[in-house]
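Here is the structure we will look at.
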Amino acid sequence: MIHIDNFKSIIDRYEVIFFDSFGVVKNYKGLVAGIESTFNYLEKQKKEFYIVTNDASRSPEQLANGFKNMGLKTISANHIVSSGMLTKEYLDLKVNNGIVAYLGTENSAHYLESASLLTLPVSKIDNNNIDKVNALVFLDDEGFNWFEDLNKTVNILRKRTIPVIVANTDYAYPLSVNDVSISIGGIASMIEGIVGKEFIRFGKPDSQMFMFAYDLIREYRTINKKQIVMVGDTLHTDILGGNKFGLDTVLVLSGNTLTVDAETSIKTTGIVPTYICEKAVVELDEFGF
Amino acid sequence: MIHIDNFKSIIDRYEVIFFDSFGVVKNYKGLVAGIESTFNYLEKQKKEFYIVTNDASRSPEQLANGFKNMGLKTISANHIVSSGMLTKEYLDLKVNNGIVAYLGTENSAHYLESASLLTLPVSKIDNNNIDKVNALVFLDDEGFNWFEDLNKTVNILRKRTIPVIVANTDYAYPLSVNDVSISIGGIASMIEGIVGKEFIRFGKPDSQMFMFAYDLIREYRTINKKQIVMVGDTLHTDILGGNKFGLDTVLVLSGNTLTVDAETSIKTTGIVPTYICEKAVVELDEFGF
Amino acid sequence: MIHIDNFKSIIDRYEVIFFDSFGVVKNYKGLVAGIESTFNYLEKQKKEFYIVTNDASRSPEQLANGFKNMGLKTISANHIVSSGMLTKEYLDLKVNNGIVAYLGTENSAHYLESASLLTLPVSKIDNNNIDKVNALVFLDDEGFNWFEDLNKTVNILRKRTIPVIVANTDYAYPLSVNDVSISIGGIASMIEGIVGKEFIRFGKPDSQMFMFAYDLIREYRTINKKQIVMVGDTLHTDILGGNKFGLDTVLVLSGNTLTVDAETSIKTTGIVPTYICEKAVVELDEFGF
Amino acid sequence: MIHIDNFKSIIDRYEVIFFDSFGVVKNYKGLVAGIESTFNYLEKQKKEFYIVTNDASRSPEQLANGFKNMGLKTISANHIVSSGMLTKEYLDLKVNNGIVAYLGTENSAHYLESASLLTLPVSKIDNNNIDKVNALVFLDDEGFNWFEDLNKTVNILRKRTIPVIVANTDYAYPLSVNDVSISIGGIASMIEGIVGKEFIRFGKPDSQMFMFAYDLIREYRTINKKQIVMVGDTLHTDILGGNKFGLDTVLVLSGNTLTVDAETSIKTTGIVPTYICEKAVVELDEFGF
């Protein structure tokens, strides 16, 4: 039998909390019930926190706005570390000029632009501009015609030897209690298999996500890994990645991992969280403690 | 340096010839130049032959008609062994009734129907008939809406524990000298990765294709594997599969494998054809020998 | 809840029964309790049967002797179809002369020899005879020094472009109720990954195993696939392979698949047996029916 | 045609140089010819450098001693970042007590020990101490009996749900101009496939290696990624990893990547170095410039 820990008593022991977004803070219906009290408590206790998410479909500002519209006012853009931000850092450092072709919505690509880099959807690449395409990015499963633009992507990558960035490593995401949707990460793996080239992936469980957040903290205070805990609902991304980076980890049962499966999943995969909690909700007693 | 053999002198040594279709008999422009003389020669010499193809987009009759329209009259439907025919055999033996949902054109599915099995495109599956879906088949990359129907396929397979048949194992096929198209085999692998279930694949290099052709011959004459040679342009399907089944094999350089790459490809993959020829064309001298 | 079928009533409906060996007929302690009655019943009913096994560690004669020593007298060598026999057929058809290097015991290699083919353990290959090595076969995890001979195998395969045959596709096999042993199939996959070449694998779920048995039957009688049932304890080999070949299948719960896991395993893998039975044992009533 | 850059003019543009070890600084015969001049030049120019290596077979001190014995006196232990050091950091942060079982030599494990952590070779794990085993580490391909200890490792991992660390991601390493040796990374992948659990891998191309070095620099000076260049001989580890971390990269042709293959390899893999040089050697003119 698995041991269920009290979430409040865990976060009391750490200085900084990393939260996964989907399945921990929100789900397909809206906010996870009671999650506001967690962020209120963190604010009162002056604990730092970051949302560490494999979501490249929107900019940090837009993601923060999404939380605000659901009623979570504490989460601002500078609390967010997304795989899209790592993509932007990569492009800034490594692709000096030309066109970045992308699969996704305009929203997902807009914030990747810079003075010297133009973003263009794959649908707008043709014989006149293909020679200026210096990177290709998989951002979102929406915003393009799958049949036409995926076939076009394969042929662009056969003609251009350029870095390909996958800004979302998930294969599918939940749409409702019964249905899922194919993620751009799953689509990217198919294209990688077909063109036979090595794509660059940003997103948990990869350490670079955790390092990005860790570096953000160190800009304004000293910290060590022992003082940070990662909270997530998925063993293969949140827990595996957090563990590998050297963080303690909390598996919550409000998302991908069901209570009935938790023990078997941990044993089968060998991915062991430091703690297990029902959900990432701080339950205060009647006196607010 | 690789040794190039004379195609005519090879087929003179065998009783039955298996040909791959694309890259051997035809290509994206039409027939391989000179291929008619090969089939004329086979007819004159009373040699048996079969077209063994990973093409499930049409029935054997339609495939034969395609050759006829290009000017190859000798190839009739009963000379054709396709991965679609293995799919049909599987459905006849293993799926007794209900609906077979499919991804592909109507043409690709029509001949799979039987008295007790109804074929329906994935787009026509809904809550009223999903319980009658007893198999799902990947047939062709055309004839459906990729975004809508691939997402729907994932969700059907999460709800129904049914056999899934992939009738084309290729990941891409050539469209022109510069461009390729994603095959239904590549799409099926993506869906398999997402739903985590084991699909059933028909097509070279799998032995069942060769066995099907071998059984067709044995219905009317005795034969052994030493008397058959497989001719193909692709190491991973035609040559690997033919070798494994115990046949001698001919790699032709008129399709997927370029002359400059042949030696390296053989060494790198470890897939060794018995012979290598420029193309599968019998060149007769002025006296017809 | 899964439905458990009566084994006797199933085999009454078929003409020929294919049995997996380990986990069905025998296990690490000896014979599966009561299995003798099954073979007595088959003999009395004049039903044909074959043992279809991924065991290449010994010749069919030695395997039959093994059953005899445990008390099963009905199983003779010509009832056995092993992945080793497919290896022998491959060598006979495709490797005309020279040396077949092998990893395994002398017992596992001896019956692969022929007038024109010499078998030699990898340990005996050196600069004087390496040029005569025309095939390399993975037969058994015993009989060689892992450190020395696996490293030597990698280097032989870097120097020689020759067919490599893996005569056992399993990754591990049970040694006792608690312990397993690494199979030669797992070792072969490691070597394949290192040398980057494509190996040829014989063994379930590959159709060629079933075809070999099917052909044996057709040498002396007519049969069709509807009249054969495959009995096995492993979804990924026995059931997947049997289904794909077009046979009805029985999953027995006396080996790899535990009763508590059967339903989940079937749903997770999508590999559906036609029937499920506790074990492959015919239980007769007091009157022998 | 690929463009060959001058190595000296490249390093003149950066503040910090990361070097891969094998194939760049040394090879199986000793030091790469002329490499001393590079480290002399770096010292004279007061440039920082790190050796970033997937070698966990010895401690940083022992690795530095190795260079010293070959004549390279400038490389001290604090210039070395190895996958073994990341393993040590992981154990310090995440495994609080008990036994760390290992595969490798005593040398490879000794420096992983701490006040609260005992290292023991897999061969010394038995029923009396298995419950105290809290991690298992793959360190080196030597120092153990492959047959006995690999089988034992599989069975330990079936009984204990513990983190498994692979401190070397390579599959093979060169032994001489003709021969290679199987690496512990290749062995670990085989065991991972058999037990079906997710292992934790440290080593290039993983970003955590680069981050570790990057953090070492930032302890004593400010730096940004634009000021660092990674020099390596292997596209899949040095170049892919360096690129992904956001560094400029130099492919040298003195090791794994041959001059004749460089262009094809880059095109096939899609892994593009910023520069290509013959070797990592600074060639000064007669006046020392």
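Labels A, B, C and D are assigned to the chains in the order they are written; within every chain, residues are numbered from 1.
The criterion applied here is as follows: a residue touches a chain if its C-beta (ideal position, glycine included) is under 8 Å from a C-beta of that chain, and two chains touch if they have at least 3 such contacts.
Quick caveat: nothing in here was measured; it's all calculated off a predicted structure.
Hopping across touching chains, the smallest step count from subunit B to subunit D is 2. Put simply, the chain farthest from subunit A by mean CA position is C. Where subunit B touches subunit C, the two copies mostly use the same residue numbers: shared numbers make up over half of all numbers in play. Set side by side, A-B and A-D show the greater C-beta contact count at A-D.
Averaging C-alpha coordinates per chain places the centre of subunit A 45 Å away from that of subunit C. The geometric centre of subunit A is 28 Å away from that of subunit D, both derived from CA atoms.
Centre to centre, using the average C-alpha position, subunit A and subunit B are separated by 41 Å. Touching of two or more other chains is recorded for no residue of subunit B. Chain-to-chain contact here is organised cyclically: the chains close a single ring, every chain touching exactly two others. This structure has the following touching chain pairs: A-B, A-D, B-C, C-D. By the touch rule above, subunit C contacts subunit D in their complex via residues 145-147, 150-151, 154-155, 158-159, 171-172, 178-182, 186-187, 189-190, 193-194.
Note for the complex: subunit B touches subunit C at residues 89-90, 93-94, 157, 161-164, 195-200, 206-208, 211, 225-226, 236, 240, 243-248, 266-272.
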